[in-house]
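Here the structure comes first, spelled out in structure tokens, and everything after it is commentary.
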Amino acid sequence: MTDTTAFIPQPRSPVEIDVRVRYAETDQMGVVYHANYLVWCEVARTELIRQRFLPYSELEKRGVILAVADLSIRYHAPARYEDDVRVRTWISEIRSRTVTFSYEIDRLANSEVDVRLATATVRLVALGADSRPRKLPDDLLRALAAD
Amino acid sequence: MTDTTAFIPQPRSPVEIDVRVRYAETDQMGVVYHANYLVWCEVARTELIRQRFLPYSELEKRGVILAVADLSIRYHAPARYEDDVRVRTWISEIRSRTVTFSYEIDRLANSEVDVRLATATVRLVALGADSRPRKLPDDLLRALAAD
Amino acid sequence: MTDTTAFIPQPRSPVEIDVRVRYAETDQMGVVYHANYLVWCEVARTELIRQRFLPYSELEKRGVILAVADLSIRYHAPARYEDDVRVRTWISEIRSRTVTFSYEIDRLANSEVDVRLATATVRLVALGADSRPRKLPDDLLRALAAD
Amino acid sequence: MTDTTAFIPQPRSPVEIDVRVRYAETDQMGVVYHANYLVWCEVARTELIRQRFLPYSELEKRGVILAVADLSIRYHAPARYEDDVRVRTWISEIRSRTVTFSYEIDRLANSEVDVRLATATVRLVALGADSRPRKLPDDLLRALAAD
């Protein structure tokens, strides 16, 4: 596996987390401030890492940092205060030094997905304790890629 | 009940919410940034209002805003990324125009309270849709004061 | 001018704002949390709107909201606490209902641009007071498009 | 100087910083979210430390952390989006291990103080690189206490 050969994981169940919108997350437009959706994405992807491998805090203690390299997000409908929001995330690409998460963010009604709020893609790059790029540890890579 | 006569509610079960510390909530000291505890307090008190009365968003639709008038918080130990944190809140005083919430914020270990992180008090004042102070609506006051 | 015909403004001086990194903006990685760069972009684009047209708050009072429709950002190097950061923004596309801002975010050393931190593009859509898409007001459109 | 004997610095010019309210700092009440005032206080006190001593980042590199031990804040009037806000801070008490900053937060009109928004007090405790309480370094203490 090299940086020029992407490894596309097989489809499998995404990981989902639910959040309730906090007052602090709204702005004077009466909706969630756009940058705050990215915080929810972070909560979802660390949950995926925890379920598949280890708490992310353990990863950092081992000297592996996953830093955001780039991201894109599209907003479909606004989230509002006290909305129940579901964030689904899955790994859409793994390379030797990077891992890309995709996201679907939806509003729930009666615990069911009701309205699409946003879709996003966030690419992370592995850094060592010295803040320089490094390969993803083999066990992490296998855990994330495993079906 | 007047503004100069405080009504102290009878002791009763506080409302508790649990939050897991988000990466976004930490700072470079490696702990939760001090202002973010106040966001958790807000999540806890709106949960108390929801359980005892109505979702806070409904209250605002009725033209009642509860704005923070003053607060104090003491930090006992730092919260860290991915910690499970419990926030207990209860109403420590109600007056005709203000309601005061007290908070105990603790770190959990194995779902049990383990370490006291912070204690806080937040006093809210009722404002009308015109942003001017007003009395708490009778039904809200009764709901919050009821044992 | 229709939604399918983009109007590309002529090149002209971008607007620049400088910010100093706040402690609250860092995370435990010791760098600025990735979502916070988008707040700086917002500060820069409202400054551009203020210089070319009106304070954004006046725009909202007139019933025109500019909501973020989508964005992308690429991180080149991390910003750190107390860094002096320059955000340059310019309008890269205007259509009848949308306006797109591009950004270059750099670290300063001795008041000169030193290191590229990030580049970003944010597309905004005009909404009316009813939260529905609307055309950009003519005077705003002319002010933003004027060389 | 011991922990039980407070040293009250002589009165002298406070340090002032100006901030313009960011959209991200508002909430759906249309005013600045209450916890965000504490971020401005942090910007003001690190500016005071920079002017009197060293950039706070240098202090941390020397293994001295100033962590918030407790704080109180009273809100007098709301700050709104694009308001120009002045934060004045001064040291109201120094002890061997703690330093207390007081704050006045005002809205400006035509570059002059116009309306009192909030007053606050924040007490910081010195921690070493091991996160345990330590004495303030002598040179920092002298710099902060000097008239």
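For reference, chains read A, B, C and D in written order, and residue numbers begin at 1 within each chain.
Simple rule for what comes next: a contact is a pair of C-beta atoms (placed from the backbone, for glycine too) under 8 Å apart; a residue touches a chain by one contact, two chains touch by 3 or more.
Quick caveat: nothing in here was measured; it's all calculated off a predicted structure.
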Repeat of interface A-B, chosen from B-C, C-D or A-D - more than half of residue-number contact pairs shared: C-D
Pair with more cross-chain C-beta pairs in contact, given A-C and C-D: A-C
Distance between chain centroids, defined by C-alpha means - chain B, chain C (Å): 35
Length of the line joining the C-alpha centres of chain A and chain C, rounded to whole Å: 24
Chain C-chain D separation of Cα centroids, rounded to whole Å: 30
In chain A, residues with contacts to at least two other chains: 23-24, 28-29, 31, 35, 39, 81
In the complex, chain A residues that touch chain C: 28-29, 31, 34-36, 38-39, 60, 65, 67-75, 78, 131
List of chain B residues in touch with chain C within their complex: 23-24, 26-31, 33, 35, 81
Complex contacts: residues of chain D adjacent to chain C: 20, 22-24, 39, 42-43, 46, 55-57, 80-82
